[in-house]
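One chain, chain A, links the two complexes that follow: it is found with chain B in the first and with chain C in the second.
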Partner chain A sequence: MDDLLLIIGGPQGSGLETSAIVLTRAFGEKGYNVVADREYHSNIRGRHSYTHMRISVDERYSLAFPVDLFVGMSVESVFTHFMDISENGYFVVDTAFLEQRIDRIVSMEPSVKRRLRKQMQELGVGDRVEDILRFLENRGVNTIKLSYVGYLRMLAKKYDISPRRISRYMSGIAIAVVAALTGIDLESVVDGLRARLSGREELVEHNRYLIERVMDYIQGSYGSPLKLDPPKKLKNEVLVVTGNEAVAIGKILGGLRVQTYYPITPAADESLYLEEKMLLKANSKNLGGIVVFQTEDEIAAITAAIGAALAGARASTTTSGPGFSLMVEGFGWAGINEVPIVVTYYQRGGPSTGMPTRGAQSDLFFALYAGHGEFARIVLSSGDHMEALIDAVDAFNFAERFQVPVIHLLDKFIANSTATVPIPDLSKIRIERGSIVEGGVDYKRFSKDSIVSPRAKLGSNSIMWYTGDEHDEYGHISEDPVNRIEMYEKRIRKMELIDREIPDAKKAVLYGDKNPNIVLIGWGYTKCPAIDAIRKLEDKYSIAYLHIKLLAPLPSSLIRGILREDRILIGVEHSYEVQIASLIRMKSGIHIPHLVAKYTGRPIYENELVDAVERIVENKEKRVVLSYGE
Partner chain B sequence: MESRNHRWKTDLWIDWCPGCGNFGILTAEVEAFKELGLDPTKTVIVSGIGCSAKIAHYINANGVHTLHGRAIPFAMGIKLANPNLVVVVNGGDGDLLGIGMGHFVALGRRNLDIVIILHNNGVYGLTKGQASPTLRRGIKTKALTKPNIQDAVNPIAVALASGYTFVARSYAFDIEHLKEIIKKAIQHRGSALIDVLQPCVAYNNVYTKEFYEKRIYKLEETPDWDPIVKEPDPEEVEEKVSKAWIKAMEWEEKIPIGIFYWNPHVDSFEERIKAEIPEYLANPPAIQEISDKEGRSIIDLEAFRVLFSKKIIHIKKNFQN
Partner chain C sequence: MRCRFCRYYLPNDICAHVGICSLREKIAFSEDSCDKYSEIDIAEFIKKFGRAYCVDCKTWIYEADMEEHRNHRVYLGVIEDEFLFEELFAAD
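So, the complex of A and B:
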């Protein structure tokens, strides 16, 4: 086996995250490539959530269905995921679930329940968990019934743990099942536990005991049928990070000194991680300090970040759609005042509160055009964790070199998923701050001598003014029409400068066949399923994926060179409109006739995209809407 | 830069109405800067939107003329990045207490070392005289079509409730009094509010020069008035805040100006950050080196391994599976 997919499903707050982190580390330590996504409701405890993992012998980026292994930690998860299991897969439940019926599940949304019941009736499945298992067994699925409570009792007895505290060990059962069936050794699991439960050796010991018991039983009865082949290439070390953490690490490398934020999903974890790193101290070396500032709202978050940038610190703020909606006025101020700030923007399902914990790419046009008036901005997007890390450095470099606000556009899919990525090559990372001067007497902050005026920090030896009004070279209000033209053009023409100076490799990248018949076009997280899908299809088609990273200014001529009319062009996006296709048409005149759209808030899965491409190529379908996943 | 010989006003023509209270505030403010010997390159005036906000352009020190209601968070960002700068916010009552009230309250909670000079004239002047949050209910200034039906907020009371550690009021045309209060506010380490009563000659025909000059009296001339907290003692704080609150309620017959409350014993936000980052004040974020001469990040591979050790997995090469 070279590629394993699994789901662990259970209520929010039941330790799924612990299971995912421990397993990711355990597989990572063996050298496997791991991607783990968290699907969850906007809720603290009780609603259905699941971890969807992919473990492979070489680089895979996306998730896919069906899965080879399902571990049910709740009755609801059994009904939710029974159709997600592959025909020879392993489906693991608690013996206590067997008599439970779907209509008794209070946490399941009524419409989901109705839909599942209808599906079960059509399949001729009864409404108990036992019926589900029988149905699956008839399809060739291997079912495993395990008394979770029995193992927990054994643990409680051994270490005299009170019944009230025993439920916190549930995650150990899921970890043990996965480790046993995939043949991961206990020591790797314990290493993962130790990292997760840092310092709490007692908990590690308890978990170890529990996991060992469960593993012994599973391996004794079933062996390790889901054993993976050895990894293709063994690195010495890898980073295991969420997208939020990858960005935070990139920002730290890139010299972030002031981060502002107001808590919002799915962005807040980035700032939380930065709060752990306020004091940059390595061994005895003092490398500075980062002020992480939790503000009263997003308006304060962006305006405080702007203030920090005026004083000369590399400053950024982090948010998602609702927060950026509040930031727009401040963003425009940064535009007219040519302030180098970075807004890290993790898209989630909109409009309004939308689906706070689900992903989307439907804010592309918002990011491109937010704010009244016309001004230069950079919108830079990342397609995976490694890109997110490197782009976080580039975002600061671009902001300061060109003195424009930069939006680093990401999404929930990247933010909340965990992946194993290589240690970044630090020798290739450079800090480029552009023109920073002391200023001196008669300093003109907005000197018209160059498009990008030499920038002095507030507090340098000069005096300067900033204003949201149109202004003269000193930064004083001016409504003179001649000055207006000069200042307006100075600002807007930065877009041409940026287009000239940013290297092509940072604008867009073509993956797959260099002379393809079929080109998928996308940006952001779309890269992950697209790269995996073209790999699946490369024996069958001449196919490539055009990954656009720089969305403003859009590299139109580069795009025109690739999106030729004799090629089958397919736009792919997590939105209804597939805004990237509209944008390309608007900016380069190229019509992308085929669209693949998904707007359920769940990621595009490899298998879905493979099917969609086949439908488009074989049946000439214009638009394929994807909907897989609960 | 030499402060005393510095020309503290710019050459710009000042476009406030003749007789505007802003002139008094401008004069008192620059005189205070001069007397304190501030360096104009290390001083930043942050203003919002409105007539008062233009003051940032009229003072010959760094000026950041921001957005309506947002001067405080801009100022907080500047101060956090470089706590060695003197940061003064000038804003109107509509700006700071209407659209920007959330920030006004939040600053008090933090006790960040910023001085707020509130140009309080009871109206939105630049949009032609609508009622502001400090205009009392039942009052009809000349641009209103009918008497105001919203109650006023009390800036002194809000500041006390929010945690400001220096709370004072002055009057735009008592330049000497205002100047002295501004000097004390700047010397105070923590969040300071100066509520400046200011006639608007164009739109406020109720709170006029005559109105104020008939009612105003000075707290410092009141026997036994002592607004300063002597010890970091919760009981003394409670007593001083309570007395200040009672004074803040006076309005119709007599209006007190002067220092209502002054507590120098509360940690400033900068000190709270310093507890986390010891070199914060000596080497503030705005001026820290972030790269070497070749542009390499100061986080080298060795530092990277230490800082992110919890995220790094060492792969076990003796593979058995």
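So, the complex of A and C:
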């Protein structure tokens, strides 16, 4: 077995996050490639939530269905995912669930319940968990019934455990089931637990006991039928990080000094991670600190970041769609005043509150055009965790080098998924602060001598003026039409400079066949399923994926060279419009006739993208809308 | 006579099969039973003390909500899992 897919499903708060992190660490330690996505409801606790993991012997980036293993921590998860399991897969439930009926699940949304009931009726499945298991067994699925409470009881006999810590033990049961069936050894799991439960040795000991018992039973009864082949490429060390954490690490490496935020899903975890690292130390040496400032709202967040940037600190703010809506005025102010700030923007399902804990890429045009008037900006996007980390450094470098606001555009799919990431090559990370001067007498902050004027910091030995108005070289308000033209062009022409100076590899990358007949086009998280899909399809088609990283300024000439009209061009995006196709047409004149869209808030899965490409190529379909996943 | 119907049983909010016996002040399992069992009328309790907790809906309920929560698992109280915060993403 070289590729394993699994789901652990249960109520929010039942230990799914811990299960995912511990298992990712355990498999990562063995050299496996792991990606794990959390799909969770926007209520705080109790609603159905699941971890979807992929563990493989080589690099895979996305998730797929059906899964080989399902571990149900709630009745709701059993009914929600019973059709997601592969034939010959393993479906594990608590014996306490067996008599439970779908009608009695209070937490399930009524529309979901109706849809599932209808599906079950069509399949001739009864309404109890027991009926589901019988149905699956008839299809060749291996079912395992385990008394979760029985194991908790066993644990309570051995140790004085607290009922206030049950989530910790529920995760232990899920971890043990996965470890046993996949043949991961106990010590790797305990190492993962120790890292997760750092400093709480008592909990580690309890979990060790629990996990060992569950593993003994599972392996004694079923063996390790889902054992993976050895990893293809052994890595010495990996990071196990969420996308939020990858960005935070990138910001630290990139010299962040001030981070502002107002809490919002799925962005806030980045700032919480940074709060833990506010005092930077290496080899016992104090490297200074980061100010992480939770403001009263997003307007204050962006303006505080602007103030910090003007004072010379590397500053960023982090938000999501609704928060960025509030930041737009400040963003424009940064535009006219050429302030080098970074806005890390994690997209979620909109509009308005939309679906806060679900993903989307539908804010592309918003990021590109937010703010009135015209001004230079950079919009940079990342396609996976490693890119997110490196791009966080680049975002600061670009902001300061070109003195423009930069939007680092990400999405919930990356933000809240956990992955094993190689340790970045730190020798390649450079901090480029652009042209910084002391200023002095007669300092012209907005000197027209160059497109990017030498920048003095507030508090340095110089006087400068910042307003939201059009201004002269000193910053004084000016409505002189000649000055207006010069200042306007100075700012806007930065886009040409940026286009010239940023290397192609940071603008767009072609993966797969270098002379393809079929080209998928996308950006952001789309990279993950697209790379996996072209790998699946490469024996059948000459196919490639064009990953666009720099969205503003869009590298039109680079794109034109790849998107020739004799090729089958397919735009892929987590949105209705597939905005990247519209953007490319607008900026480069190239029409992308085929679109793959998904706007359920769930990620595009490898299997559905493979299927969509086949439908487009074989059946000449123009538009395929994807909808897999609960 | 199961603990889950007993006035002293307070379930864990996430895993209601496990809870605390408020009389013995130790872990209890919903399907257990003991000689201290004391059944309670939830409606009466709400009338007297104002509210009870529906573990299915993860919410406190009041007299006016009783009908809506009929056949739900309603208890006199609930115990919060102390590691809940580590399992949830920061949000707003």
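Just so we're on the same page, the second predicted complex is superposed on the first by the 623 of 630 C-alpha atoms of A that agree within 3 Å, B and C clash if a C-alpha of one lies under 4 Å from a C-alpha of the other, contacts with A are read in each partner's own complex, and residues count from 1 in each chain.
As a convention for this text, contacts are C-beta pairs under 8 Å (C-beta built on N, C-alpha and C of every residue); 3 or more make two chains touch, one makes a residue touch a chain.
In this text, all values refer to a predicted model and were calculated from it rather than measured experimentally.
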For this session: In the superposition on chain A, see if there is space for chain B and chain C together, and answer fit or clash.
Result: fit
For this session: Could you say whether A:S77 touches chain B, chain C, both of them, or neither, answering first, second, both or neither?
Result: neither
For this session: Would you sort A:T344 into first (chain B), second (chain C), both or neither based on which partner it touches?
Result: neither
For this session: Quick one: classify A:L458 as touching chain B (first), chain C (second), both or neither.
Result: first
For this session: Once the structures are superposed on A, label A:S56 by its partner contacts, choosing first (chain B), second (chain C), both or neither.
Result: neither
For this session: Could you tell me if A:L16 is touching chain B, chain C, both of them or neither one (first, second, both, neither)?
Result: second
Seminar exercise, completed: Chosen between chain B and chain C, the partner touching more chain A residues is B
Exercise. Is A:A305 in contact with chain B, with chain C, with both, or with neither (first, second, both, neither)?
Worked result: first
Seminar exercise, completed: Smallest Cα to Cα distance in angstrom from chain B to chain C after superposition equals 16
Problem set entry | List of chain A residues in touch with chain B within their complex | 25, 28-31, 183-185, 188, 195, 198, 227-228, 230-231, 234-241, 245, 249, 252-255, 257-258, 260, 277-280, 282-283, 285-291, 293, 295-297, 299-301, 303-315, 329-330, 333, 393, 420, 423, 426-427, 429-433, 457-469, 475-477
Exercise. For chain B, which residues count as touching chain A in their complex?
Worked result: 1, 10, 12, 40-42, 44, 46, 49, 54, 56-57, 60-67, 69-70, 72-82, 84-85, 102-103, 105-106, 273, 276-280, 283, 285-291, 294-304, 306-308, 310-317, 319-321
Exercise. In their complex, what parts of chain C are in touch with chain A?
Worked result: 12-15, 17-20, 27-29, 31, 54, 56-58, 71-72, 79-84, 86-92
Seminar exercise, completed: chain C partner, complex, touching residues on chain A are 11-18, 38, 40, 42-46, 96, 104, 106-107, 148-149, 152-153, 156, 161-168, 170, 262-266, 268-269, 272, 356-357, 416
